[in-house]
Amino acid sequence: MQVLLQINTNISVQQALDFVQTPECGGVVVFVGNVRNVTQGKAVTKLFFECYEPMALLEMEKIAQHMIDQMWVKKVAILHVVGEMFPGDTVVVIAAAAPHRAAAFAACEYAIDTLKETVPIWKKEYFEDGAVWVAAHP
Amino acid sequence: MQVLLQINTNISVQQALDFVQTPECGGVVVFVGNVRNVTQGKAVTKLFFECYEPMALLEMEKIAQHMIDQMWVKKVAILHVVGEMFPGDTVVVIAAAAPHRAAAFAACEYAIDTLKETVPIWKKEYFEDGAVWVAAHP
Amino acid sequence: MRVLLFGIAKDIAGAPFITAEGVSTVAELKSWLYGRYPALRQLRSLMVAVNKVYAGDEETLKNEDEIAVIPPVSGG
Amino acid sequence: MRVLLFGIAKDIAGAPFITAEGVSTVAELKSWLYGRYPALRQLRSLMVAVNKVYAGDEETLKNEDEIAVIPPVSGG
């Protein structure tokens, strides 16, 4: 099995790492996305992630397959949270293992960039004075 | 403290991650280098890492400072093993936290590329039929 | 036909799914949605997924399809 | 003066440090090393560090310096 996909109320970097590590791959690159405590100068009190899960898993699968088919990656893990999160919490983990490190870097960055564009997950940011769905409006 | 440097007989990805994670940084990129079981078609039985430790720490410090001063990184951890290692073992961990993920990717890749060029650590690969110091000869 | 809603689209419609009538393409569904929920016009984009795949405006819709409105995503 | 050796340079010299005589610059130390240990000429590169910093050929050496021979590194 080359791909681990997970959408869950909590996710583990170690699990992603354990999944992708293999003695045939010298380089593993992991991206860990955390909740920031400030957005555009305003303090964030909490976040809520909503997900169209069956489609999100399919879009994550497309990303992972592209990494393997086109970007010289051997194993991929993509983990994303749903539900309520707080500053400092880890909300996304992407791990890519490849025989050569440049491939692992390029593929991991491709994965997080593409996830943010295509995977149907929505983030609502809560502030002291209200809440907004991130990136919803121009 | 913005920089964690460590040269040790064993190193932990989690320790690097715990050190660099901070709620002001949305993106953390981690590079994990593992011992491959095959080099240029030959099975690797073990590795030995030797290190000129005081100078290696200074060179690692230069890398970390460049990431922070020039590459928009807030926190850095660079961990490298010494001694005997086996296929699958983790030998280097570099973690970079930055407010924006592109900076974290670029800086982490810069760090491992530069470490392999400047930090005085030497790897000896053991095969069934002998051993070589990696990259010593043209 | 039944249409799933997520994120801000769900908030605007006030429900996790709605029933759209008299639409047979993605383009017609979008027009119907914009007419019924003008606040959707303010969004940066509005996509429709048919059977969990992003669909172009020309795509036809059948009653048995799983149809979902996808406002701008913001995962990660 | 005392010169530290690492990696393949240590293997070639058969010792973790040696004493070099009559050298006052990095260039002279390298010549001395190449003369005494011809196998060092086969290496991809040979650097010298003075007080834990890479040194150019022109740099002068003092007895109290910490001098180290740095064969091609291969960490990571």
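Read from first to last, the chains carry the letters A, B, C and D; within each, the first residue is number 1.
Criterion: contacts are C-beta pairs under 8 Å (C-beta built on N, C-alpha and C of every residue); 3 or more make two chains touch, one makes a residue touch a chain.
Bear in mind the structure is a predicted one, so any value in this text is a computation, not a measurement.
Contact with chain B and chain C alike is made by A. Taking each chain's centre as the mean of its C-alpha atoms, the one that lies farthest from the centre of chain B is C. With centres set at the average Cα position, the gap from chain B to chain D is 25 Å. Between the Cα centres of chain A and chain D there is a gap of 47 Å. Inter-chain spacing, taken between the CA centroids of chain C and chain D, is 70 Å.
Across the assembly, chain B contributes 33, 112 as residues in contact with two or more other chains.
With touch defined as above, chain D holds no residue shared between interfaces to two or more other chains.
Chain pairs that touch one another are A-B, A-C, B-D.
Within the complex formed with chain C, the residues of chain A that make contact are 33, 49-52, 54-56, 58, 80, 91-92, 112, 115-124, 133-138. Put simply, chain C touches chain A in their complex at residues 4, 6-8, 10-11, 42-44, 49, 52-54, 68, 70-76.
Against chain A, in their complex, chain B makes its touches with residues 13-14, 17, 21-38, 87-88, 99, 101-102, 104-105, 108-109, 112.
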